[in-house]
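Notes follow once the structure below has been shown.
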Amino acid sequence: MSGGDIKLVGFLCNWCSYAGADMAGTSRMAQPAEMRIVRLPCTGRVNPLLVLKAFQEGADGVLVSGCHPGDCHYNEGNYYAHRRLELLSRMMAVYGIEPERFRYTWISASEGARWAETVTGFTETIRPLGRLNLAGGGARDDDHHQGPAAGSASPAEKR
Amino acid sequence: MIPLSETLSQGRELVAEIEHRSGQKVADCYQCGTCSSTCAAADAFDYPPHMFMRLLQLGAVDRAMASTTGQLCYDCMTCSSRCPIRIDVADVIETTKNIADEQGIRESERGLRLFRNLFLKNVRRHGRLHEASLLAWFNLKSGKLTNDLSLVPLILRRKNVRIVQPRIKDRAQVRRIFQRAKERPRW
Amino acid sequence: MVSTAYSYYPGCSLTSSATEYDISFRKVVEALGIQLDELEDWNCCGASPAPHHKAETLGVLLPGRNLHIAGASHDAIVAPCAGCYNRLKYAQYKLAGDQDIREQTSEVFQAEVRYQTEVLNIVQMLNREITPEALRERSQGRLANIRIGAYYGCLLTRPADILGFDSPRDPRKMRPLMEATGAEVPHFPFKTECCGSYMGLARKDILLKASHRIIEVAVSTGLDALVTACPLCHQNLDLRQEQINKAMGTSLRMPVLYFSQLIGLAMGISPEELELDALVVQPDMDRWLKGVA
Amino acid sequence: MRIGVFVCQCGTNIAATVSTERVASAAMALRDVVHAESIQYTCSDPGQRTVIAAAHKYALDRVVIAACSPRMHETTFQRTMAQAGINPFMMEMVNIREHCSWIHSDMEVATEKAIDLVSMGVAKVRGQTPLFSSHVPVVSEVLIIGGGVAGIQAALDIADAGMPVTLVERGPTIGGNMARLDKTFPTLDCSSCILTPRMVEVKHHENIRLMVNSEVEQVRGYIGNFEVDIRKKATCVDEEKCTGCQICEQKCPSEAPDEFNAGVGETKAISIAFPQAVPLVASLRKEYCRLYIKGKCGICKKVCPADAVDYEQEDELHTEKFGAIVVATGYELFDWRQAYPHYGGGLYPDVITSIQYERMLSASGPTGGHIQRPSDGAEPKEIVFLSCVGSRDESIGRPLCCKVGCMYIAKQAILTREHIPDSRTYVFYMDVRAGGKGYDEFYRRAQKEAGAVYLRGRVGKIYPRGGKLVVMGADTLVGENVEVEADLVVLATGIDAAAGAGSLAQRLNIPYDQYGFLSESHPKLRPVETTTGGIFLAGACQGPKDIPETVAQASAAAAKVIVLLSHDELETSPMIAEVNHMRCIGCFKCREVCPYHAIEEQGLRDGRRVAVVIESLCQGCGLCTVACPPSVISLRGYTDNQLIEEVTAVLR
C-alpha cells in the first residue's frame, strides 16, 4: 500500500459522495493518497459489520459518505445509514478502536472541495494515530497474533 | 464617502466582536427596513436601525459607534420582534453602544448619560430608586430646572408616596454588587 | 418551610409615582383571599439604565439579589411592574443557563445563589388565581358600557424567548380577564408599540411623539380607556398626557388604567379604594358603572 | 475464470502520473488474471476494438477496465462487453483518473495506488455473476393529477401524441389558479381568453378522460404499471344530466363562501364555480347546504329541469392502470392572517390579498370589474401594494421567493391606473425581480406610465384611522420612515405548495421539501423527473413558477412521458435485491425499510411465509440487505462477499 503506512477505506454512495469525489478529481484538487474508495449504491447499503470487517482486515480508518439528509437518491437510505452509523461510532471504543478512526459524513455531488477537505482532514487525523492495533481482535496478517480471539470482542465471530 | 477597502479590513475585528457578543450576524440583514419602520425613535436617530446595520455590514464601525442611534435607542425591541430574519437588531445596537462606551467614545447625548448615571448612583447609594430625587438631581445637573415640575403635584396627590429617599438595610450587599460590576462589567 | 403565599416585589415605582398600582393590586389580592408577603429588604432591579444585554454583570446581580431573597421562603414571586418582571426573568434566565454566572453570583452574595423561584407578572398571577369564568360571575357584566384596549407595551412580552409569556407580535393574555369584566375589548393596533420608555427626562421629544401616537390610535379606535401593566407606560401615557397634548397641539383624552384597577372594578371594589382618583385623566365613572346597583 | 485487465492511459490524463505499463504488469500477478495491457484511449473506437479482440483471443469471461469514473463510461464499456460476447455486468470499472491521476502528482504514489485500485476491481469482479435485465410490459395510459394550466398542457400534449390520458382534478372545474386571473404579465393578455379554449379542448379531446371532484387515494405498482385508486366524490349532481343552466344556484337559499373568487362575494351551496367552468356542471357542498344542516330543503332538486340533482349519490372508487403519472398539483396562496398581526391579521376589511384584488379587476368577477373597498364599496384612490407577504420572511418559516409577486404587483398597478385614472398606487418592495423576457420593461412601465410610486422597504405596521388605513413603512433609499394614508391595501401573498401536496407525495413515494414542494430528480439535468421512475412533475407543485415556465415544464414532462410510453416494454436494471428463500425467516424487516414497497409476502408450499422482491419495483438501494437479521438478502452486483473481497484485496 502506498502513500504512507496507514490504510484508509471509504464507502461512498454512487449518487452524491462518489460523484463529489469525481468532482474533486475533475477540479484537480490534490489529496493525500491513503484513501481507497469502494462504490456502493447508497450508504443505506453499508452494513456496520462491513465497517468492522474492514478494521479487522487491516484498515486504519473508515470513512462513510453519502447524500445530505433529504437528498438521498433512494429518498430515505441515508436516514437509516445515519442511525446505524451513529450507533456504530458510539460503539467503536467497545471494539477497542479509537472513535476518530471511524467517521461518516454527507457530501453532495457538487461538493468536490468538501470531499477533498474531508479526505485531507481524515487522513491527517489518522496519521498520528498510526496503525490500528486490534488487541485480541483476531486475524491480521501483518500484525502479531495475540492468540485466539479473546471472548466476544471480535465482531467477525459474532457475525 | 466610505472607503470600503479600508473599512472592510479595519472594521472586521470590531464587527466580529459585536457579532460575538450579541450572537447576531450582521451579514444576515437584507436591508428590508422593517426595523426602521417600526421604530418609534427612528426619526431622532442619525442612522435609523437598518442603516445602522448597513454601516456594520460595510465595516464602518466608527461611524456606528459615534452615531446617536446607540445612545437614543431605548431597547424596546420592537425591531427585533418584527425582523423577518429574526435578527435581534436592538441587541446589535446596544452591544455596539456598550463597546463604544468601553472604548471611551464620548456620548453626544449628554442628557441621557446624565440620566443613567444619576439613576444608578441613586440605586448604588440607597438600594432603591427615589424618583423625586432623580428628578431633582437631573434638573439641577442638566440646568433644566423646571423640567417636569408640573408633574410633581400630580404625583403627590397619590396616597403613600414616599417623600423621602427610601433605603434598604443591606446596603453593603448592593455596594458589593456595584463594586463587582465596576471591576467586571461583563461575565 | 416554603410558604404557599406569593412573595411580592413591588419595585421602586410602586412606592412613588405608581402607588395606585400597588394599592389596587393589594386590594384585588385581598379580595381574592390570597396572601402576599412583601419581599424583605428588596432592592431596585436596575430597570433600563442598568446594562444587561446578554453578558452584562449588573443586569443579573441587581435583580438576582431579589430572586435570592425570595428563594429562601417562597415558591413564586409576583412583580406587577412589567420592568421588574422583565429584569427578574432575565436574571433567572442567565443564572439558570450558565454555571459560571451562578458561581460568580454566589461569590458576590457570599451564599449559594437561589434563583429558581417562579417569577410571575400580574397577568399570569391573576389568571392563575381567578378564571375568566369566575371573574365573569363576580362582575355580572359590571363594565358592559365601555370599550377598553389592552396595551402590552414592550417589557411584558419582549424578548419572548426569555420571558416566555406571550407572543411578542400578537400578545393576547390580558384579554380573557378583561373581557370577563363585561367590557368590550376590541383589537387595539398599537398594543405592542413602545411608549417612549425612560426618555422622559432627557429626550422628551422622542417620548411625547411615541406616546402621542398610542393615545391617538386609542382615541381613533373608539376606546374608553387603555389598560396597562407597566408603571412606566402609565407614567408616559397618563401622567404626561397634558404634556403630550401641549407638545402636539392636540386635546386628546384617554384614561389609562392599571390592570389591577380594572379587575378590581369588575370585582366590585369601589373606584376610591382602587385609587382611581390618582389618575390624571379621569374616566367617567358614572357612565362606566351605569346600571350597576 | 479468465480475467482481462485494461489500463487506460487517457492520453496523458492518466499516463502523466500513473505508469499504466507497471499497473498492467502488476495486474498480471493477480489471481485469475490471464491478460493485462495498457491502451491509449480505451473508450475510443480503436480502444474498444482492442478490448474485444483481446476478449476473443484470451477467451476472457470477466474484464476490469481501469480508466475514468464509472459514472462517465460504465455504459460504454457494458456495450463493449455485449459486443465481445461477455455479459455486460461481468465488467468492473476502476477509477484511476478522477480518484487517482488527477489528484496526485507523485508518479510512484499514484502508480501504487492505481495498482491497489485494480486489485480491488479484480477481487470484486471475481465474485460477479452474469446478470440479465428483464422486460416489463408498459401500460400506455397516463394519469395527470391536477387540472391547472400545467395539467391541461401536459394532458393535451400527451393526448395529441395519441396516448390516452386521465386528468384528475380535486375541485369542480379545471383551470386552476390561472382561471382566476384577470390579465397576465407582461403582455396583459386576458387570462381566460387564452386559457378557456384550452379547457374546452380538454373536455372534447377524444384521448382525454376528465375526472373532476376526484382525488388520488392510493398508488401501487411501478413505472409502466401503476395501479391507482381514484375517489370521485359525491356532489349530489349527475354530471351526465346537468346542463349548467344554474337555475339551482339561483334558487338555492344556502349561502356559501365563494372560493373561486377568494371570498370576494358569496355564492350558494349548490353552484358552478364560474361561468366558463369545465365541465359546466353544478356541484353541491354539503357543509353549507340547508338540507344537510337543518334536514329540510330540497329546493334544487325540485327546480332542476334536467332532474340532475341526486342527494343519494355516493362516492365512487375507481381503480385504474397507468404507465406514467404527471403530478401537476400547483400552488395555493399563503394564508397571511396568523403570521402578520401587525397588518391587522385579517381584521381590517380593506386589507386584502392580491388574488382578491385580481377578482375585483376581472370583468367577470363578483364586482363586474370595479375596484371597491370591501368596507364601504367606495372606489379607492390611494392603493398600497405590499410585496413579499409570506415570502422571504424567515421569521414565519417562509424564506423563499414567490417569483411572481413583483410582476403581478406591476401588472395590478398598471391595471389600477386603467380602472381608476385618478388613483395613485404605492408599491413597497425589497427587490424587484423581473428576470423574464419583457419583464423588466413591464415593471418600468408600471412606474413610468402608471405612475406607481415604488418605495424600497418593508411595511412595519398598518392600522385604521378615520376610515383610512395608515401604512407605516420605511424608504430605505432616503433612510426615513414614510407613511401612506391608504384607501385600500393589497398584500402580495407568497406561494405555498397546494394543501395536501406532501401527503400525495407520500402516496406516490416521491420526495418533497419542507414547504411541500415536490422534488425533482436533478435540479439541472432532470428537472421534470422524480426519483421514482415513471412519475413526472409539471408546474408550481415543484416550486414557484410563472405561467410560461409552467407551460414549458408541462410540455417537457409530456415529452418525457411520450418517450417512456413509446416503447411496449421497459428494460429493468438487474442490479437489484434477491432473497434466499431457503434461509428467509419471514420477519419482514426488509419490507419495513424498503422505500419502494418492493417486498411482498409469499407463501411457500411448506407453509412458510417468506419475503420476495418485486423485481420491477426494486431500485437496488440495498437497504434491505442490512436490515435482514439472518443476512439472506443480497444485492446483485454488490453482494456482501464482493464488497468484503474488494476491501480486503488491499488491506491484507
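Each chain gets a letter, A, B, C and D, in the order it is written, and its residues are counted from 1.
Here is the rule we go by: contacts are C-beta pairs under 8 Å (C-beta built on N, C-alpha and C of every residue); 3 or more make two chains touch, one makes a residue touch a chain.
Everything numeric in this text was worked out from a predicted model, so none of it was measured.
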Tally the contacting C-beta pairs at the B-D interface and at the B-C interface, and name the larger one.
B-C
Dist(centroid_CA(chain B), centroid_CA(chain D)) in Å evaluates to 51
Calculate how many whole Å lie between the centre of chain A and the centre of chain C, each centre taken as the average of the chain's C-alpha atoms.
60
Separation of chain B from chain C, taking each centre as the mean of its C-alpha atoms, in whole Å
22
What parts of chain D, by residue number, touch at least two of the other chains?
342, 461
Mark out which residues of chain A touch at least two other chains, giving numbers and ranges.
none
Which positions in chain C touch two or more other chains at once?
169, 192-193
Which pairs of chains touch one another in this structure?
A-D, B-C, B-D, C-D
So in the complex, which bits of chain A are touching chain D?
1-3, 7, 9, 14, 18-19, 21-22, 24-26, 28-31, 33, 36-42, 44-48, 50, 53-54, 57-59, 70, 73-77, 80, 84, 116, 141
Interface with chain D, chain C side, in the complex: residues 167, 169-170, 187, 189-190, 192-193, 216-217, 220-221
The answer for chain D against chain A in the complex is residues 69-72, 95, 97-100, 102-106, 108-113, 116-117, 120, 509-511, 513, 531, 575, 593, 595-596, 619-623, 625-627, 635, 638, 640, 643-644, 646-648, 650-652
The chain D residues in contact with chain B across the complex are 342, 388, 392-396, 430, 456-461, 472-476, 479-481
Please output the residues of chain C touching chain B within their complex, sorted ascending.
12-13, 15-17, 19-20, 22-23, 41-44, 46-51, 53-58, 60-62, 65, 98, 100-101, 104, 108-109, 153-154, 157-160, 168-169, 192-194, 196-203, 205-206, 209-210, 213, 239-240, 242-243, 275, 277-278, 280
